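Across the two complexes that follow, chain A remains constant while its partner is chain B and subsequently chain C.
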Partner chain A sequence: MDREEVKKRLRDFIVTELLNNPKYQVSDDQPLITGGMIDSFSLAQVGVFVEDAFGIYIPDTDLTVKKMDTLNMMTDEILGRAG
Partner chain B sequence: MISKETQTLIQPIIERAVRQPDRLAVVFIREDGIEESITAGEFYRDACLFASALQNQGIGVDDLVIVVLKHSRELLSAFWGSLLLGSIGSIFPYLTEKLDPAIYKQRVKTLVAHSGAKAVITFAEFKQDLTTLLADVDCRVISSDEVISSISAGSAEFTPNDHILPEKTAFLQHSSGTTGLQKGVALSHRAVLNQIRSLSEVLGVTPNDRIISWLPLYHDMGLIGGFVLPIVAGIPLIILSPFHWVRDPKTLFTYAAEHQATISWLPNFAFNHCVRGIRRSDLVRLDLSSIRALISCSEPVRRDSFEKFLDTFNGHGIREDMLQASYALAENTFAATQTIPGVPPHYDRVDIQSLQKDKFAKPAEPGGIGSVAMVSNGKPIPLTEIAIADSDGMHLPERYTGEIILRSNCMLTEYYHRPEITAQTIRDGWFYTGDIGYITDGELYVSGRKKDLIIVGGKNIFPQDLEAIANKIKGVYPGRAVAFGMDDERLGSEGVVMVCEVESGYRGEAQKQQLEADIRTHVARETEITLMDVRLVEERWLIKTSSGKIARNDNREKYKKVFLDGRS
Partner chain C sequence: MPIISWQFGLFVVVVLAVYYLLPRKAQNIWLLTASVGYIATWNTFSVVVLMVTILVNYAAGLRIWQSSRKNPKWLWFGIAVNLAALFFFRIESSGYLEKMIRGILHITDTANAFELRILLPVGFSYYCLQAISYLVDVSHQQCEPEKDLAQFSLYMAYFPRLISGPIERARSFLPVIASNRIVDNEAVSRGFTRIIIGLIRKVVLAGILSGYIAKDLFSAPGNYSSFDLIFQMFLYAFWVYNDFAGYTSIVRGVSDLFGISLSANFDTPYFAHSFTDFWNRWHISLSHWLRDYIFYPFSRFLLRKKINPRSVLYLALPPLITMMVSGLWHNFGAFMLCWGMLHGLFQAAEKLMGRGKPAIKWEDRSLYKRLGTILLVFTGVVFTWVPFASGSLSRVAGYFRAVFTSHAPVQITTLYLIPLYAVAVNIALDWIQYHSKDELVFRRWPIFIQSALLAAALLAILVSFLGSQSALTNFVYQGF
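This part shows the complex of A and B:
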């Protein structure tokens, strides 16, 4: 899987589905949850999206603020599991 | 169940520990998913340890004990320990990853100082900081780890206080707010027992029921429905951590199926979270047919949330007659009304114009323009009476909207140490809820709120608290920030919007995006609230009342017109 492609799809999902503002510019290392952009509840939805879009199951123990606070961190979690 | 002779909340626990010590009391599910079964005998023994530790620290009858613990067996035991001693227990939310630790600890101090608490029970990691912070206050800080380690040291036997009077305050529920200046709702043993009896009767609770809950215990829904009721009534409780559930909402259902749970309480947004946050692969083989009631309360119940939930889970044993609703508030201990399990929810189609403008819920044709389906919260529970009052306190006929008022045998005794607020809200024996609704066919429909309160995911937020945070941020024109709630259908709850006037000099896009990020970060770190939208506007954009206050409703309307027109 191409890193930039994964990041792009994640970014699109976040701005349209979670931020409800497709024009918002999310930078790669911007803290999304601790920065008050998205709720920690949204991580469960990120888990659903990642399974539907990439066929990858991130165990709930890794769907945490510590591991998923930025776009780059989320991308790492996905790519680390891609076969 | 509870015998007629029972007068206090601790009697059934003591009796069960003696007569049925091996009976299952709690299945405690740890953060890591490991399950621990706790029998009635063990539950009582653990609570005694905390009661003994409190007693050794000089804590006694009617002293306020604040429990600051995260999801743990100690949290359960510490709360009941304070009750066994005859002191007054109260659970405070624990620090989370999002909150600023320094602000959070200061908030604990504010609560302790204002409420006159005599002891705080917390984890070892907090003890030193809190001890330093509370040095000038007459309050002991007790570490739960020390209490537990006293088991091996052979702690003294504890004899529970058997002189507790039914009208004595058992515990406080802190109803709302985020600043540490919350109102403590004082509830007597008698009031809580009356609530448990009435609610159990409506729900048809039997010893075969099993209650499952992920709800936080600092909130009435979690504290009463998901803790006190099952413990006192002797119904096994399966309890999991709120953080665990939020991260992985399927856990509620997988543990419900495993333990054949029958009843659970959920705020409306939780129905949406289950629909949006459970992965398809986790739904395979999920069987929820043991459930007989999923009760929506603590925030407005929405028909579309019920419908989406049914669509998603009807292949897994969920039926419409399992979906129930309740109007609940800490000031009535918990439930004031309740629908009947086994009967599908009642909807009342009304004309929205008439509801908003004429304060009358005029019946409307299904599908007609401007018709909206209101969800019934059911009839009052036994010995709770509900009425709708106009601004003069006069009771209104059916279908007219006004303030929901109630009187019952399970009402609060007072707001703890706040006689002025108690006098304002309890008048001629009626409690004025501040919520707006109407009654038809004896059933209550909730349509709004008198106060500017915002309810996000069942949690009450005062816009003033958020505005105060924004006003401190450099770049925001002081006193020119407004916060209000906006319906968020996807969330199944309200979202919070802030509009702030910006000081001159903040012109560039980059500067503005940074200021927006600052506002979001401060609000999240101080309140855990994720703002749905932040708008930065020029000076004098916000509408003020003739007395110079920021008019929240008018600014919400202006926001909708300026920023949302054409978007939805």
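This part shows the complex of A and C:
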């Protein structure tokens, strides 16, 4: 799985579906949860999006600020589970 | 043995003195012995319940690991046993069972009444949730089952967190128990700072505030003016916060002295910018447990069923159910269900109002909007404390009726300045922690300021402790 491709699909999903602003520029290390942009409602959506888009299950206990606060962290989590 | 007592202080000193002399394996056995001894100081019934719970969950964990993931019968068995016990103790300690049996047997003579009620075993509702999360995580292969019975027992019974949490996860706590602990100057400094902050919150701030909240606020609200009723609820909000945050800070500090870090339970909750944010700052170990084991599974279930994430169903049902469970976990009363529903509805309402609107970074909002949002959320939270504090729905109704109809004279006096000072100190303390994003920021201040603060803190704690000792021994959340 290509890192940039994973990040691009995640970014598109986040700005369109979660932030409701397709033109918004999300940087790779921008804190999304601690920055008040997304919350647990959105993280549940990210979890199901990752299942559908990449066939990877992120357990509920890993949908946390420690593991999913930025685009880079989310990408690491997906790639780490892809093996 | 209450946490705020000289006996507990002496107990910790003795346990620590022996602990430091022992190798790691013996340290665990010693901590377990001390934990069982500690719970025995409350009552032996609690020891028996704890032992049985440990054995059942230890065996269930091993069974779950051995059985196929496709046949999680042992997981459901373990969850069912824990929930059934929690349900029974909740019903029983609330007095419902006694009432029911009295009704069935037509016993109306209270003079010859028999006593059926037993207390909720100490800490049960907290370590019961730890057990459930352990079983689920083992089933999902998030962690391996603990084969060492002593280590598993310590995970469940560790005395600093036994009475009222924090609720720890096996995944992070078991490795700490299994590894060598380092108690260096840094850990000791961290521990004592937490203990001092905890004592300031519990003994000084909560101690002062509790003296200004009328005992009959809910039983005779008509005695108070609308202003007094509302003002005292604001005081209650700061009291309950300092009471529980104080307890957590003390036990985390004590645990630091053993080289074992406990999870944070509070993060300046009254600076929350939404109700969802509030629950990431208040009783964090419980709210994250509820999020991981109820909110997420239910939300993801709805999404997998292709429920529109912007629909009322998706935005309202998961928070409502999660918060109602939270309410019932606190107490099996309609008033706590009402408290949970209010929090669930507030979360749903803010999501529904923001539906489809572009998200804006918190820092990009104007100062007025940020302050206004924080005040609005805080006021909403104070509103929800009414059912939490009242003890029954009829009292909630009586309180709000009095707020709108009371003709009692306003009792405001200069005496109200004292709790307001306590509130101001609370806000200042929280602001410093919030602004620095470090609850122990004081340790980075110049040494002469630290010394002055420490002297003032110790004096305030001593004066408060001597002045109102009887009101300080129990914690609100101890009752849950």
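Odds and ends about this structure:
By our rule, the second predicted complex is superposed on the first by the 82 of 83 C-alpha atoms of A that agree within 3 Å, B and C clash if a C-alpha of one lies under 4 Å from a C-alpha of the other, contacts with A are read in each partner's own complex, and residues count from 1 in each chain.
Throughout what follows, contacts are C-beta pairs under 8 Å (C-beta built on N, C-alpha and C of every residue); 3 or more make two chains touch, one makes a residue touch a chain.
This one's a predicted model, so the numbers in the text were calculated from it and none came from an experiment.
Within the superposed three-chain model, A:Lys66 lies in touch with chain B and out of touch with chain C [touch as defined at top]. Using the contact criterion defined above for the overlaid structures, shared-chain residue A:Gly80 touches neither chain B nor chain C, since it reaches no partner. Touch criterion met: A:Gln25 reaches chain B, while chain C stays clear of it. Look at A:Gly47: by the touch rule set out above, it reaches both chain B and chain C.
Counting contacts as defined above, chain A residues 20-21, 35-41, 43-45, 47-48, 51, 60-61, 63-65 meet chain B in one complex and chain C in the other.
Against chain A, the residues of chain C that register as touching in their complex are 137, 140, 142, 169, 171, 273-274, 276-277, 280, 288, 291-293, 295-297, 299-300, 303-304, 309, 314-315, 318, 351, 356-359, 361-363.
Within the complex, the chain B residues that touch chain A are 32, 97-98, 244, 246-249, 251, 273, 276-281, 457, 490, 513, 517, 519-525, 529-533. Interface residues of chain A facing chain C in the complex, by the touch rule stated above, are 17-21, 24, 35-41, 43-45, 47-48, 51, 59-61, 63-65.
Against chain B, the residues of chain A that register as touching in their complex are 20-21, 25, 30, 33-41, 43-45, 47-48, 51-52, 57, 60-61, 63-66.
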